[in-house]
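Report on the following structure.
By written order: A, B, C, D, E and F. Residues from 1 in each chain.
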Amino acid sequence: MKVSGRNQIGGRVAKVERDGLMAKVTIDVDRCTMTSVITGDAVDDLNIKEGDQVSALVKSTSVMLMK
Amino acid sequence: MKVSGRNQIGGRVAKVERDGLMAKVTIDVDRCTMTSVITGDAVDDLNIKEGDQVSALVKSTSVMLMK
Amino acid sequence: MKVSGRNQIGGRVAKVERDGLMAKVTIDVDRCTMTSVITGDAVDDLNIKEGDQVSALVKSTSVMLMK
Amino acid sequence: MKVSGRNQIGGRVAKVERDGLMAKVTIDVDRCTMTSVITGDAVDDLNIKEGDQVSALVKSTSVMLMK
Amino acid sequence: MKVSGRNQIGGRVAKVERDGLMAKVTIDVDRCTMTSVITGDAVDDLNIKEGDQVSALVKSTSVMLMK
Amino acid sequence: MKVSGRNQIGGRVAKVERDGLMAKVTIDVDRCTMTSVITGDAVDDLNIKEGDQVSALVKSTSVMLMK
């Protein structure tokens, strides 16, 4: 299965923080860190845990640029 | 000035493609590539050109995970 | 591979409209129609054509409600 | 009043889960379920309750495709 | 009908620019200007023209802050 | 530093509500109020407090219109 989102960035889960409905997942990607806020349900469904290899998926229309 | 968006990923503009109202900017980030779709106005306003150092800015609530 | 996005709605591609950088894909889903605007690159990468079975993927934080 | 968002999907509220600032609303739509994460204020403002008929509103630029 | 999106900002359409699939609508709001990129279909469906009173609708999870 | 997001709306922080991972910030902007939901980390990082002058940053592709 392929996804249309153009940004699929591989990394390793560094931290999973749960809080009621939501969860914040921090991912180590090369020299930087990415942060994803998803539902707790999604963390359970994908069984996301520290150390897991995951991909951060971002639609290109959600990416702003700073210069 | 600081921005609340938690994902600020530095990279070098590899390509700028303009098409009417919109523009697609491809950024080389370490071992991967990011794609941003923004307005042509924004490309003009920030004077974004191939070779520029930029940061891709993504809100954490816009980041999904795949596993 | 699983995706954290909670909304994954299956349907059949009814129409693909390309226009420069962007593409609009219309999907027949049961009694309603969904519209997705993605990059032309994504349409090529996934080889999306009329008649294809696809899933519309939407993050729960991108869904508003009207009542 | 009309809204520009192209995806307006009618359904019945199956569940409302509140948790501090945020709320998760699950909607039964034909054969599938949609999930919306909105603020608790919005749930109060629209008085969203189980059994209500609502429409899920999604901008076409927020819809990815999987194939 | 009410919408869950917490940001509903009234203003007057200053300019509508069409380009293939997409359209950019500029709105005068008090002392500032807002920009919306929507589909051309939406502009036709809502018959959006210069001078129209409209509201810009933004989900609170789509609003970043700069300081 | 400039940001590509076309909507940068200045205002004064009226209220900051923290709740676990997330925070809701209400901003007084001329005659209206804007609401932003960001991570608590971002509130700490930018040291956002009542009375602060901030800008609400919204990508044009995240702005719907109502008429």
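Simple rule for what comes next: a contact is a pair of C-beta atoms (placed from the backbone, for glycine too) under 8 Å apart; a residue touches a chain by one contact, two chains touch by 3 or more.
Each chain and its UniProt protein: A, B, C, D, E, F = Molybdenum-pterin-binding protein.
Predicted model, so just to flag it, every value in this text is computed and none were measured.
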Which of C-D and B-F has more C-beta contact pairs: C-D
Fitted rotation between chain A and its twin chain B in degrees, CA, nearest 5: 180
Furthest chain, CA centroid comparison against chain B: D
Euclidean distance of C-alpha centroids - chain A vs chain D, Å: 23
Rounded Å distance between chain A and chain C, as computed from the means of their C-alpha atoms: 21
For chain B, residues that touch 2 or more chains besides their own: 1-6, 20, 22, 24, 35-39, 41-42, 46, 48, 57, 59-62, 64-67
Touching residues on chain D, where the partner in the complex is chain C: 3, 5-10, 24-25, 27, 29-32, 34-38, 42, 46-48, 52-67
Chain C contact footprint on chain A (complex, rising order): 1-6, 36-39, 41-43, 45-46, 48, 57, 59-61
Chain C - residues contacting chain E, complex: 17, 19-20, 22-24, 35, 37, 61-62, 64-67
